[in-house]
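What follows is chain A paired twice: with chain B in the first complex and chain C in the second.
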Partner chain A sequence: MSRFDPPVSIAGRHWLLTSLALVVAPFIARMPWWLSLLPLLVMGWHVMKERRCWRLPPGYIRVMVVGLAVVGIVLQHHTILGRDAGTALLALLLTMKLLEFKGLRDAALMIFLGYFLVAGSFLYDQSLLSGGYLFATVVALTATLVALHHPAGGAADSRHYLQVGGTLLLQALPIAVLLFLLFPRLPGPLWSLPRDAFSGRTGLSEDMSIGSISSLADSDEVAFRVRFFDPIPPADRLYWRGPVLWHTDGRRWTRLLRYEYQLLEKPQYQPLSPPVRYSVILEPANKPWLMALDLPGTLPPEAEVSPDFQVTVRELITRQRQYEATSYTRYQMRDADLQALEIGLELPKRANPRTRALAEQWVTEGTQGEALVQRALDLIHNQPFYYTRNPPLLTGNVVDQFLFETRRGFCEHYSAAFVTLMRAGGVPARIVTGYQGGEPNRVGDYLTVRQSDAHAWAEVWLEGKGWVRVDPTAAVSPNRIEEGSDVGRFSGEAGAALLSAEDRSLLLRAWHTATDTWEAVDHAWTEWVLGYGPEKQQELLERLGLLRWGWRGVITVLFSGIALVVLIVAIWLLWQRPRPPDPLLRQWLRFCAKLARRGLPRAPGEGPRDYAARVASARPDLGPTVMEIAERYQLLRYGPGGADAGARRTLAQQVTRFSP
Partner chain B sequence: MTAATSRINWSRFLRLARPEAGRLVLDRRRIYVLPTRMGLVFALVLLAMLIGATNYGNSLVFALTFVLGSVGFVSMLYTYRNLAGLTIATASAASVFAGQPARFPLVLGSVSPSRRRYAIAVELPPHQPVLADLPIEGSTRSELMLPTPRRGRLRLPRLTLFTRYPLGLFHAWAYAEPQEECIVYPTPSAEADLPPLSGQGASHQGSEGRGGDDFLALRPYHPGDSLRQVHWKALAHGGGLVVKQFGGEAGEELWLNWNDAPEPDIEGRLSRLCRWVLEAEAMGLRYGLQLPSARIELNHGTAHRDRCLTALALFGEAS
Partner chain C sequence: MRPLDRLIAQIDELILGKHTQVRLAVACLLARGHLLIEDLPGVGKTTLAHVLAATLGLRFSRLQFTSDLLPADILGVSIFDREKGAFTFHAGPIFSQVVLADEVNRATPKTQSALLEAMEEHQVSIEGETRPLPEPFFVIATQNPMHQIGTFPLPESQLDRFLMRISLGYPDPAAERALFTGRDRRELLRELGAAMTPEGLAQEQQVAAQVHAADPLIDYLQALIRFSRESGHFHNGLSPRAGLALLAAARAWAHLAGRSHALPEDIQAVLPHVAGHRLQPAQRDQSPADLMVLFREVPIP
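Moving on to the complex of A and B:
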């Protein structure tokens, strides 16, 4: 085999540009604008080269452009390795290659690289929409590969390439599904991943500074989904507990240190309501904690509950995880650890003097304990405090500024201010971050909790009651809520009223059904396609009874299944479907076959007249009939007017009657 | 050793390609399929993707890997199908003089005419493969051109038909060993002067004779007869193809003798004799050829000329 490297046809070049543009588009969109100029320029040049016969930029310029790309990547990512930098660099180089690819080989390699980059795109986004886009990209890449291997193709063949590419993919799908389900999946990374492997995942963090949660508020990303086995608790009890924050410098709030956790004891509590059982599918956030409804009861065995009731696991959660848990939405805590109460009163000495002065003034006025809590909530309710997602920027003594000057804020402002007030007033308090509420899906019967549902609230320690949840944000007067329809949920009644008002509108209900259906489809996609990993596979195999024979059995079934599918596809593809010959020819062939059986086959290339003459001389008894049939056939075939239905029928009858 | 040689040896080992005449149908026993180098690269890319999918625990990368793997596999069937049922018909090439390319007619057809075939390559080993498409219900005619460095019998060597359509991951090929040949005449030498005329008609040497003017008889047409001699009127009257034979007594006769050629070497003499045959025919002489191994009696006409040239072409070969 010599080097088989024919040139690429015009249609092939068009396909190449189209499919590669589809491949690199998501990468270009992720680049900073100054870096994205580079691939756009190169593609523009390529188009001009094809259309206007521009010349290639000289070699040193091309080398310089590659150098620029590498420098740009390093400036942006500080490395050229890892997921982000690596894929961005590949995308850039692939675009550059457009300018100077030679023949089929170069182009085919570019397509393979394109496939690889599609896989790279999946590391960023596995949503249904992105999946659809990338599947279309794969179809285009495959069509390009077909076009490349048809060097004689013209513009008219473009549709054909698409058709072949699409058909190939459809025919391959059954085998792919078998492989997807049965190919043995190994758990976990095979080696340690680059640090940026799962970056860009949004979610709660270990600490909270003013502004950190409101940055989440705009994200529509799903944080987790919950299916309840019991009735869904009312909205004002749906507090999903995350990191609990104790330490503060007046501005930033952080968790307890590891050794402090070891010193503390977990307080006892008394459930006041029956347990609620539910199952969570948690999206990976690259953090070592699970989300549970306040307060967590039973949990999966690998999970641990910290003394402040946060549920943690040992490793970072980098892939979707499903678990079951029970919680008690009403409870009564027993006395807390004294050490915990000490930490719960800590305040930095210098920060926020006005807030501390206010609390101290309240205490001197005799307000203490529960009354102090109520007084603080009343302050938020009665004074002109506004709830807004775009609070003014705070500097310096942020709590002071918020409480006495701006009075516009988000849950983090309210919880931080409230806890500061409580601690200054001698009430142990802490901030709990997590999620609040969730959006019930009417189609799929589950709850979707998004990043925009992230919330921060407070817990105060009251004598005889233990730690009690207080949500200061809910105290904001409903008529001072700006652009926050989602805030209605903070007080149960207000939320309920809002919901029923919505339900009154038929149009709105239809809209909700539509969004809920989409949401349910997305959920199924997440649960069954994206979530199909080693555990789900194990479950499926057990249910199918395949594990009885171990992995050998699974592989046997896999290969027999593939063999069967391939057989079906092969029969479909290779079955020679003979086209019905033209009816006239059929009669003639019947006639010839009859004679052949009597030892008088027609010689190849022998015309009807010659054949008939030869037969007539060999078998004079058949002569007249044979001559007549041959003559009629010739007349019908070559004579003027040709297709006379009557004459055709006569011929057919004659042939039928003919028995040499 | 390259992949190519190993592949050919394999096929020899598996099945000795036998010479075949006329039309050849490629069926499953004649078609071989192996992955191409590009196919192996593709497999490596898929392997990398599989490892990546496991590492990142990414379901869609798994899905993509499996889909692409299956596509590659199914494409093998497509590649095979593109060649299966292909028919190859060849014919002998018209004789040429050494140095002119021999043109063997080649017709690619299909036993399942309802399908188009794409990018079928026909390869004669030292040359670049020639690519052709086959339309639905159609055939493709082309010519295989072979250089003719020397006179003699030129056999059409074994053809390789291959295709990599649609994805280039697999190489399906088949061999065809057509029994076609081309008689390559010697290159006529540059000197045109004929040897001296011999026989009765020596005195009449000149340019007037063109096989004589006197009508002799009618005889059936043979391929090679001049159309000018066809008795068209007889054809018009339904008498079939006959030619009028002229000649008369004349006939400047010329024996082209091996020993008359001045060249010392065999090939030089053959070249010279070739030139003489052409000249004698052009001048309308009756000529004969006397070779050490054969003798061709006096005659004239293109058929005679070709007989003489063939004898020269095959000189020294077992005929």
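Moving on to the complex of A and C:
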């Protein structure tokens, strides 16, 4: 005898394809176009097959298609393991399953694999938007499960399936919340993610090459978010300090070598303003840096400050990280290490001769120290220098080319040219990379700093003043700024003015409120849902007073909470039991329920006479009563006369009196 | 004892141990439908048809279908009468009240369709002249199981013309023993008197058609039809005509039981015989009989 796999109803098949498409869509979107053809073709074939009643392809074709999928994955990822290749392969195989889809068994398998892939989607994107999409997918998957197991021929439609699926998930929600809040959180991931899980993150890099990028990547991705406990400092002091670049070959700028860091001493400084306290949620950038406002004061215990005031930690940051810090936005450095000053004067002998000649000419004219700095800034301001995000490519002596020929560039060009000029003129200088400014969120009262806010500026060492920040990009004359909207922030005071200018337009204001609200919601999601780690859990449990009994108490509370939720849902379900509209049917079902409790349930397709006969043969003592009730019911419900009220009442009384 | 009960009792005396099939056959007759009996040779198909005709006092004719049978052999022909100098019509065996079409699947499709057309229209058109068939008109066709050499299986669209399809099957040992030890059936048949007049039958048919079908019953009928269309078990679902047939058969079944209203049980009793030959399983490895059991899953609203 062959295995009987019940076929899937037509509505069930429609639902299956819909939820399947929802599940694999994000994976298909990440595939290269030639690979995404495969699942799209299979799904298209399936639609045609359903319409035209085609047959399933023979085994060797199925094997070939699966082989194609594996080859495609290997061509693209050079492996079938790891996050990218593994999930893509799974998504492909899930769609391939349509090629041998016959009955309920296959459908159930596909649905459960679908749930798994939904969890896999979170490896890529944990944002609120993607969370919402995946939640909708889970609702669709659950509705499909409902449709698959619903008897065809019932009066149910798609809305009903959605309703049941949604209700099921809503009933599970309190338990999920309880588990989320109370289940012990472990620091670090439970399992190690494949290595490729963190690739493709953008952020600052460890070096900088001038002129090699002809267009600044304008990524809207959030780099980090900051909530200030003190008033937000003015925009011209919002310099977020990242890697400091010292060494150059005339074109490429790099950080100090590890041993050089150990040789240098951290200079003393004196704060000139009260400390600013703030809390940062840093997006993972796969780099060992924390971002802090210039100049970092107190820091989280695991962080270290290098002699050039960069904040580092020991491990790469691959997950979102929250920390608190204080900074002094105005300060004065006392002295500097002589070795540092030496490195701050290094220039390659042959590179950029014209720039060096210019600086030497200025020095022979008697311009030195602070005056030299001013003269360089004047040069940028008065000569036709342009700020653009799409500068021409530079080759050879890039700084010479920029200063004397193209005169178009962005922060990297200006800072590199400025630092070269300073060093040639005998003023120690270095490039600081990081972020500048940030977008205040008026709804959530915090600052969002994006990758597009990445910036590079310079620091020069002046006798008596120590290291001083100079932002040569800000010296570009405002009327020579292309694509002005963003650059306003670079020119110091413009940051505040930007907001007031926008406020004039009602439409713009509404738009900004909307984006700010979304930002705030997203921030809350990040801070409270994604950022709910061991520390926050500890904090919450302490506040709730649950830790008094230790973890055992927490677990007890967790499980009794779940039991309570289940109890409430069960009571609610009993309360909400659908009441059939027909009063006769209601009496009949009441009667059947009484018998069901005695172990004689009625099959859904069993008519009143058959049922009564079966009960009578199983329980002869009940026979006459049961027969009488069934007779009366069938006569009232199916009989021609139309039921009169008296007969109905008699039936109701009989059912009430009936106690098997 | 009602005449109908007497009728069935009388048939039961001759057709031993086939009470349900006899009732189904009578119900089919009451619902003014035609009956298809599918079974092996020698299980009593022909006897059943004979007995039905005899107990109802109806004119009976038998047609043995063969591969060289022509439509004219069924319907009749006009032959030139030299004495009168005109054509006279010699009616074929179809002009009877009960027609036994034996081994209907041995005839060619052309001959089959002549019979089936007459069944549907209750009239015959020959040489431009339409001749009505007698009332009541009841065809009992028998068919050997498929896949025998030299048969032309009835196409699905024509199977639909039969209200019910039943099979008799082997008798149980006790009934078979009674058959061996009892008198000769043919002799008994000859002695058999009519238990009902044709007028009586017409009246019963009319009463059966008026059996009450309440709204909840129609709901159940529709649920069954929807199941056949949407469950994915069948190639095509039941047609509206099949639905009507199901209802008429259920009414006749209820009337046989002496009730003036039909119950879900009535539909369930006739369903396998009314729907069985109208549905094909969607998966080839399932037998139609298995699928009839599936209808039991449809809840009664």
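FYI, the second predicted complex is superposed on the first by the 535 of 660 C-alpha atoms of A that agree within 3 Å, B and C clash if a C-alpha of one lies under 4 Å from a C-alpha of the other, contacts with A are read in each partner's own complex, and residues count from 1 in each chain.
Throughout what follows, a residue touches a chain if its C-beta (ideal position, glycine included) is under 8 Å from a C-beta of that chain, and two chains touch if they have at least 3 such contacts.
Only a predicted model underlies this, so the values are computations on that prediction, with no experimental measurement involved.
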If touched residues of chain A are counted for chain B and for chain C, the larger one: B
First, second, both or neither for A:148, with chain B first and chain C second: first
Touched partner set for A:179, first chain B, second chain C, both or neither: first
Contacts of A:164 with chain B and chain C, given as first, second, both or neither: first
Which of chain B and chain C A:638 touches, first, second, both or neither: second
Contacts of A:118 with chain B and chain C, given as first, second, both or neither: first
Residues of chain A at both interfaces, chain B in one complex, chain C in the other: 2, 4, 6, 151-152
Partner chain B, residues of chain A touching it in the complex: 1-2, 4, 6, 104-105, 108-109, 112-113, 115-116, 118-119, 122-123, 126, 131, 134, 138, 142, 145-146, 148-152, 164, 168-169, 171-176, 179-180, 183, 185-191, 193, 197, 318-319, 529-533, 566, 569-570, 573-574, 576-579
Touching residues (chain side chain A, partner chain C) in the complex: 2, 4, 6-13, 102-103, 151-155, 582, 585, 603-610, 634-635, 637-640
Complex interface listing, chain B residues touching chain A: 2-4, 7, 38, 41-42, 45, 48-49, 51-71, 73-75, 77-78, 80-81, 84-85, 111-114, 118-119, 121, 123, 128-129, 131-133, 164-168, 171
In the complex with chain A, residue positions of chain C that touch it: 212, 214, 216-217, 223-228, 230-233, 260-265, 268, 282-283, 285-286, 295-301
